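Just below sit the structures, each encoded as C-alpha cells.
Look at the two complexes coming up: subunit A is in both, with subunit B in one and subunit C in the other.
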Partner chain A sequence: MGAALRPVSAAARRGWWVPAATFALPLLASLWFALAGALDAGAWVRLVADPALPRALALSAGVGVAATVLSLAITLWLVTHLHGTAAWARIERTLGALLAVPHAAFAIGLALLLMPSGLLLRLAAPLAGWTSPPDVSTVHDPLGMALILGLVLKEVPFLLWNVAAQLRPVAQAAQLRQALLTGQAMGYSAASVWWRVLWPQLLPRLALPLLAVWAYGASVVDMALVLGPTNPPTLAQLAWSWLLDADAAVNAQGAAAALLLAGVVALGALMAVAAVRALRPLLRVRQVRGDRVASGGASRAVAAAVGSGALLYGLALALLAFVSVAGVWRFPALWPQVVSFDAWAGVAASLPVLGHTAGLALASAATGVLLAVAWMETTPAGWDERAAPLVFATMLVPGVMLVAGLYQLMLLLRLDGSLTGLWLAHSLFTAPYALVALAPAYRGFDARYEQTARALGRSRAAFLVRIKWPMLLAPLASAFAVGFAVSVAQYLSTQFVGAGRHATVTTEALTLASGGQRTLLAAYALLQALLPALVFGAAWWLGQRQARRLGLEAR
Partner chain B sequence: MLELHGITLATPQRTLIGGLTATVGPGEVLVVMGESGSGKSSLLAFLCGALPAGLAASGSVRVDGREVTDLPTAQRRIGILFQDDLLFPHLSVLENLLFALPAGRDAERRSVAEAALASADLAGYGPRLPHTLSGGQRSRVSVLRALLAQPRALLLDEPFSRLDMALRQRFRAFVFERLRAQGVPAVLVTHDAHDVPPGARVIRLDDEEPAP
Partner chain C sequence: MIERRRLLAAATLLPWVGAARAADPAAWERTVRAARGQTVYFNAWAGSDRVNAYLQWAAGEAAQRFGIKLEHVKLGDTAELVKRVRAEKAAGRSTDGSADMGWINGENFLTMKREGLLFGPFAEALPNFALVDVVGKPTTRIDFSEPVEGYEAAWGMAQFTFYGDGRRVAQPPRSLAELLAYAKKNPGRFTYPRPPNFHGTTFLKQVLLETAGDRKPLYAPAPADTATLLAPLWRTLDELHPLLWRQGRQFPASNAVMRQMLADGELHITLTFNPNEAANEIAAKRLPETVISWQHAGGTIGNTHFLAIPFNARSKEGAQVVIDFLQSPLAQARKADIRHWGDPTVLALDKLSAADRALFSQGPAPGSVAQSAPVLPEPHASWVEAIEREWARRYGQ
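Right, the complex of A and B next:
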C-alpha cells in the first residue's frame, strides 16, 4: 500500500525521458548544427577581415554590459529602499503586466516617444524653437544609448520579478523581516542591512536571471532593429543580416558571427564570476567592519525613479494607440491634423496574419505547458536543478545562434517553411518559460491530496484530471499565458524557420519598423502587445474565479 | 534600565494590551506570557520600533533614562533574539560576531570576538560557517552576537522553543547568566512556564499586572 501512495509512482518515473527527450533532442541538435555551421575556416577569415567587426563587437559587448549593470544597480537600489512598503506591494502587482509586453512592441513605442519627430521633442519644440524635427540621433544613435535605455526599462521589471519570487515564500518573507530587524536592532540602518547581509545572500540566487539579462542584452536583434545603432549595427544585427543573405558563404559568416557572440557572452559571464570571486574577500571585510552609517533619505529619488519609469512605460504604450490613428501629424503639433483608422483597416484586411500569430501561440503554448507538466509528473522536484542548464539554454544562448541551428534541423526534417516546423520551433522556446512559471506552484502541490485520493480508491489519472489540475488551474493558466506571450514575441525563429512564408504581427511590425508607415507600424505593435495582454487577462480571470470557487482568496 | 509606561496596543477590533507599566532593572528578566494572539510578539515589536501596520499603539519606552519611543529601531539600542538563531549563513561564525561589534581596530575587535567564543566553549569555531554547527552551538553564537552589539536592553521572542528539552535547559541557563553578568535588562516572551527564570516577574497578558 505504501508504494501505491507515493506521490510519483515508479511506473510514471520511468517515463521521464519522454518529455526530456522531446525538449532536449531538438535543442541539442540545433546547438550542434549551429556549431557545425560555424566551423568553416573561410567564414572566420572573412569575418575577421570585415571592417565592421571590431566596432560591432564592441557595441554588442558595451550595450550588454551597460544594460546589465544599470538594470542590476537600479533593481538593487529600488528593492533596498522599497521592499516592505505599500509602494513595493503595488509594484509587485504590476510586474506581471509589464513582463507581458513584448520587447519589440515596447521598443517601437519607445522609439515613437524618443525619435526626432517623437512626442518628447514635440513637447520640447516650443522651448527650443524647433519648427521641424531636429537633426539629432535620439534613436539608432551610434553608441546604442536608446537601445540601452529600452533594455534597462524591460530588464528592471524582469529582475524585480525574480527578486520578488525569491522573497515571496512565507518562510523566506518571515526570515527576511527578522533578519532586517536583527540587523537594525544592532544599530544598522535598513539599507545597510540590505547591502551587508541580505544582498550577499540573495545575489547568488539571481545569477541565472542576470546571465539571461546579459545574454539578451549582448545578442538582442528585435529591439536593436528598432532602437539600435545602424552604422555599424551590433554584432547580433550583423550576424542576423548575414544569416538572411542569399549567398551561402555569407550565411556561414553569419553563423561564425553568431558563435563569436556566444563566445563573448560566455567569456563575459566567466569574467563576471572571476571578478566577484576576486572582490568577495574585500566585500566581506567591508560587511563586518562594524561602522554604522546613517542612511540618507533616498525616498524622493526612489519615488522619482519609479515615477519616471512608469511614465516612460505608460507613454510608450499609449503612443502605440495614439500614433496608430494619427493620419497626418506635422511637427511640432501635439495633436494630429487628421485622425484616420486606415492603419486598422489595413490590419483588419490581413486577418491571416492575426490567425497565424494566435494559432501558433495557442498551439506552442499548449505544447509548452504539456511538456512542463509531463516533466514534473514524471520526475522528483530535485531533478529541476539537473535540467536547469538545458531549460535555461534557450534564454542564455544568443538567439541568432540557436535559430541558425534550428533552421538546419528543420531542413533535415523537411519542415523548413512549414507551419509544423514553426510550431515545433516556437514550442522549443515556450516550454522552458512554461516550466519556470509553473514549477513553484506545481512542485509545491500538497502530496497528501494524492495520498487521500488514492486511499479512496481513485486512479492516478482520475486524481490528476479531477483533483490536481482543477486545483492548479490558475498557475496552469498563467503558465499558458507566459508561453503564449513568448510565442507571440518570437521574431528570429518565425522569420528563419518559417523562411519568411508565415507572417505574424511581430514579423510585420519589425518589417514596418524600417519603413515609413508609422501608423501601420504602431497598429501592429499595439496588436503585438494586446494579444498576450488578452490571454494574461483571461488567465487572471480564470485564476480569480477558481480561487473564489475553492475558497482560496486568503491564501 | 528599561522602563515601559502606559503601553496600550490595539487592533481595529480589540485592545490587546491596555496601559502596561513596568520597570526592568539591569540583569533582570521580565517575562510576558499569554495565549497565541494575546499581543506578546506585538509588544516586542513595539518595544524595538517595528510595530506592524494595522496596530495602534500609545505609551512610552525609556532605556537608561532616554526616551526612545519615537526613535527608529537602529537608534534604540534594544537588541532582539528570535526562535531561529538567524545567523547570517554566508558569514563565518567570527564574521557574524564582528558584524555586531562596534567599529574599531581590527585586531582588537577580533580578539573581543574570539574571547566571546572561548567564553561559550566555542574556541576555534570562528572560521566555520553557521550550518556546520549544532543547533545548541548556533543558539549560543546568536546570544553572543546580540550581546556584542552592546544593547541597553534585550528582547527575547521565544528563543528556547525550537530546542529539545535537554538543550533548552542548558541554553536558558546560558542566556540568563550572560544577561546577569552584563547587567542587560530583558523582556522574555514565552508560552512555557519552565522558561521563567527564578525570581523573575511575570506578566500575563490576560491580567497585565506584574506578579510580585
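Right, the complex of A and C next:
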C-alpha cells in the first residue's frame, strides 16, 4: 500500500524545506538583528539596576500564569459539560466572532465597563451616594487582576476554538462519540469519560495553543496599557516603552528586558512540560481508578458562566459604540451631557484607509495560508513539532523587537516604505497563525482519501484540487480569517516597514489613541473589530455551505 | 497657461515675501523653484484630530501655492521618527530617506542633533525667520538647553498650564502651596503622569523650580551629587503624594488619560503644555464649558516646538518651503486660532504689518488662560535624568 505512494512522498519531501525556508530565513534574520541589540553589557547592567525590574518581572510572569491556568481550567470545564449539547453548537458558531474582536478593542470596551467612571459604577452610584467616581483601582490595579480578567475573556474563546478544531474532523468526532458511548455503557458519567479518557488524549494536542496563551499573557502590551498595573507596569510594558524610546542606550535596555522576558516565557514552558511529566503517574492512578462519580449539577453554573461571558462581550462592544458619540459624559450621569457624531465624521473622512487595510490584509492572509498549506503538504508530520519553536518565535519574541529586526532587513533590501515590503512583513506574522489554525484539520485528514484517489489513477494535483482542499475548505477559510485579523491588528510593523506612509485602520486608531480622544478611539476600535468580523463571518458561512454540499457534518 | 499659474502663485506669495526678507533672496528663489513638484513626507504626531485637520489645510495650501505635495505621515510617538532616521543612517542610507520633515523638540531634537541626523543649518536663512520673536521668546533658539543653531525652525509655543472644572475648583490654586492646600481639602482629585512621561517629568521640574531656594544652579549642568539641591523637591512630593489620586501609589500613563479622567469627573485638576488645550477641547465638545485654565502666578515652564529636516531627506527644498510657509503670519494665525488648533505663535506681533497683525486678533475663548504668567526656562537638560532616576527609586516600584 505504501509502495504506490512512495514516489510522490519522496518528491514532496525533497523540496520540503522550501516553505520552511521561505518563512524561516526572514524570521531568523529579523531575530538576529533584534538580538544583536541586546548584546550590550551596559544595557544588562542598567536593566538589573532598574528599581522597577523585580516587581515588573513578577507581574508579567504572574499575569501570564494566572491567565493561562484560569483560561485552561474554564475551557476544560466548559467543554466537558457542554460538548454535544445544542448550546455547544451555538458557542461554536459564535467563537469566530469573539476571536475577531481585537484584543485592544476588547480591552477598551471592558475598561469602559469596569473603570471608576465606567458603566458599572455609574449604575451603582445612586445606591452608594457617589457624586464623583470612587478613588479605587477597578482597572490598572496593582496586582493586574483587571488585566487577567481581560486576558481570560479573550483566551477562553481561543482555546475553545482550538478544541473545536481538534474535534471537528470526521474521524475524531466518530472516535469521540465512540468513547463517550462506551464509557457511559460502562456506567461512567460523560464528565468522567472526558476527564479520564478524552482530555488525556486531547491535552497534548493543545500544548501549542497553550504555549501561545502563556506567551501572550506574559508579554502582552496593548491590553496591559488599557487594563494593567501602572506603577510599576508589567515588564512587557516597560520593555515596549524602552524599545520605543528615542535614546539608543534606552533601546538596548529594552532589548535586554525583552530578551529576559522571552527567556522567562521559555523557562515557564519548560517547567510546565516537566511538571506534566512528573504528575503523569498521579493522574494515571486517578484515570484507571474505576470509581463511578455521579455527574454533578454543573449545568446551571456552566450556563451562567457562558451567559455572563457573552454578556460582557456584548456590553464591551455596545459601550464602544455608545462612547464613540459621548462627547461630555460626566459621572454619575447615565446619559452624556453632549452627544457628538464628530468622531464618525472623522472616520468617514478616512474611508480610503479602510479599503487599504482590507487589501493589505487579504494579500497577507492569502500568502500566510499559502505558506501554511505548502508546509503541511511537503513537510513530514514529525517536523511540525521541531519547527514549532520557530513558528512560536513570532509569538514569543515581543513584537517590538521582531519588528526592529524585520525593519533593518527591509532597509537592507530597500523595501522599506514600499507596499511590497509591507505585504512581506505582514505575511511573516500571518503565516504562523495560519499554520496553527490549519494544523489540526490538516494533520487529522484521513489518509485513506488519498489512497483511494491514487488507486483510482488520479494525479496528486487532481486529488488536492478536487478532493482534499474542497473537503478542508472550512479550516482553510478560518485560517485565512485568522491571518486577516492578524494583519489588520499590525501596528509597529506597519509604521516602521511602511515608513508610516501606508495608513491602516489600526495605525489611525493607535496614533489617535496617543492623544487620548476617547470618542475617536472608540469609533476606530469598533472599525478595527468590524473588518475581521466580516471575514470571520464569511469564512464560517463558506464552511457551512461546503459542509452541506459534501455532507461532511459531524453530526 | 503655465505663465499665468506662475504669476498667480507669485501674487499669492507676495504678502509675506514682502514682509520678511530672506538672507539671500536669489538663493531662496532657487529653493522655491526646486521645490515645485516635490513630495514632502511630514512626520508628525497625529494624536489630535484638530492638528491633523490643520495639517490637511496646510497640504492644500502647499499644493496650491508651491506645487508641493505635502503628505502627513501620522506618528503615535515622535521617537518613531528618530529611530527610523537613525536606522536609515546605520544602513548607509544617506540620501533618499523616508522622512522629509519632522515635528520635534526637546530630547528628540537633542538626540538627532548630537547623532548628526539633522539637515542644516537652514532655519535662520528662511525668509520668515525675520519675524520670529527670538528676543521675547528665547526658547525659539535654545531647545532643551541645546542651542538650536538653525537645525530646526520654531513652530509653536508651549507653557505649562493647569486646568480644571470651574464648578469643582472655584478658586484655582495659582502656586504650588495653593495646590497643596487644595489637595488637602480635596484628596484624591489631582495627580500627574508617571515619569519619564514628558508631562510628568515637566511637573517635577515645575515643582523643583518652585521649591528651590536658589534657581541658578538648576540652569547649570547637574553636579555629581544632586541630593542637596533636590531635597526640597522630594520633601514636597512626600507631602503631596498621600493627597494624590490613589494616594500617589499609582500614576496615570499620560496627560491625555488625565484629561479624560477630568472630563468624567474623576479628577478635579489636570495639566498640559498647551495653554489652549482646554479651550480647544471645549470647542471640540469633549470637555464641558465650565472648564477653566490657569498658570502659577510665579511663572511656569515654557518651551517651543519645532520643525526639522532629517539629514537624508529626499525633498529638502520642498521641506524648507513648507516650513517657511508654516512660519508665515497666515499659517501661524490660523494655528493660533482656537477654532482650528489654538497653538500660540512664535512670531513677534510687533514685527508684523498691521494687516498681518489683524489676523491674530481674536477674543478670549471659553477655557483659555485668563491671566498669563511669566515663562520660566527649563532647568538644564542634565537634571532630567537625575530627577527621573531618583523618582523611580523613591516612588516607582
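As a convention for this text, the second predicted complex is superposed on the first by the 378 of 555 C-alpha atoms of A that agree within 3 Å, B and C clash if a C-alpha of one lies under 4 Å from a C-alpha of the other, contacts with A are read in each partner's own complex, and residues count from 1 in each chain.
To be clear about the criterion, a contact is a pair of C-beta atoms (placed from the backbone, for glycine too) under 8 Å apart; a residue touches a chain by one contact, two chains touch by 3 or more.
Please read these numbers as outputs of a predicted model, since none were measured by experiment.
Of the two partner chains placed around the shared chain by superposition, subunit C is the only one that A:S514 touches, whereas subunit B remains out of contact. A count of residues in subunit A touched by subunit B and by subunit C gives the higher number to C. In the superposed model, A:D416 lies in contact with subunit C only, and not with subunit B.
In the superposed pair of complexes, A:R284 makes contact with subunit B only, with no contact to subunit C.
Legend: residue contacts after superposition of the two complexes on their common chain; A:G187 is shown touching subunit B, with no touch to subunit C.
When the two structures are aligned on the shared chain, A:A246 is found in touch with subunit C, with no touch to subunit B. Of the two partner chains placed around the shared chain by superposition, neither subunit B nor subunit C is touched by A:T94. In the superposed model, A:Y407 makes contact with subunit C only, not with subunit B.
Look at A:S459: by the touch rule set out above, it reaches neither subunit B nor subunit C. Across the two superposed structures, the residue set of subunit A contacted by subunit B and also by subunit C is empty.
Residue ranges of subunit A in contact with subunit B, taken from their complex: 175, 178-179, 181-190, 196-197, 200-201, 284, 287-292.
Subunit C makes touch with subunit A in their complex at residues 41, 43, 45-49, 71, 73-80, 82-84, 86-88, 90-91, 93, 98-99, 107-108, 111, 188-189, 194, 245-246, 249-257, 259-261, 263-266, 284-288, 392-393, 395-397.
Taken together, the subunit A residues at the contact with subunit C in this complex read 50-52, 54-55, 116-117, 131-133, 135, 137, 140, 142, 225, 229-232, 244-248, 251, 327-331, 337-338, 340, 342, 346, 407-408, 411-412, 416-417, 491, 495-496, 499-501, 503, 507-508, 510-520.
For subunit B in complex with subunit A, the touching residues are 48, 50, 72-80, 82, 84, 86, 88-91, 95, 98-104, 109, 145-146, 149, 151, 155.
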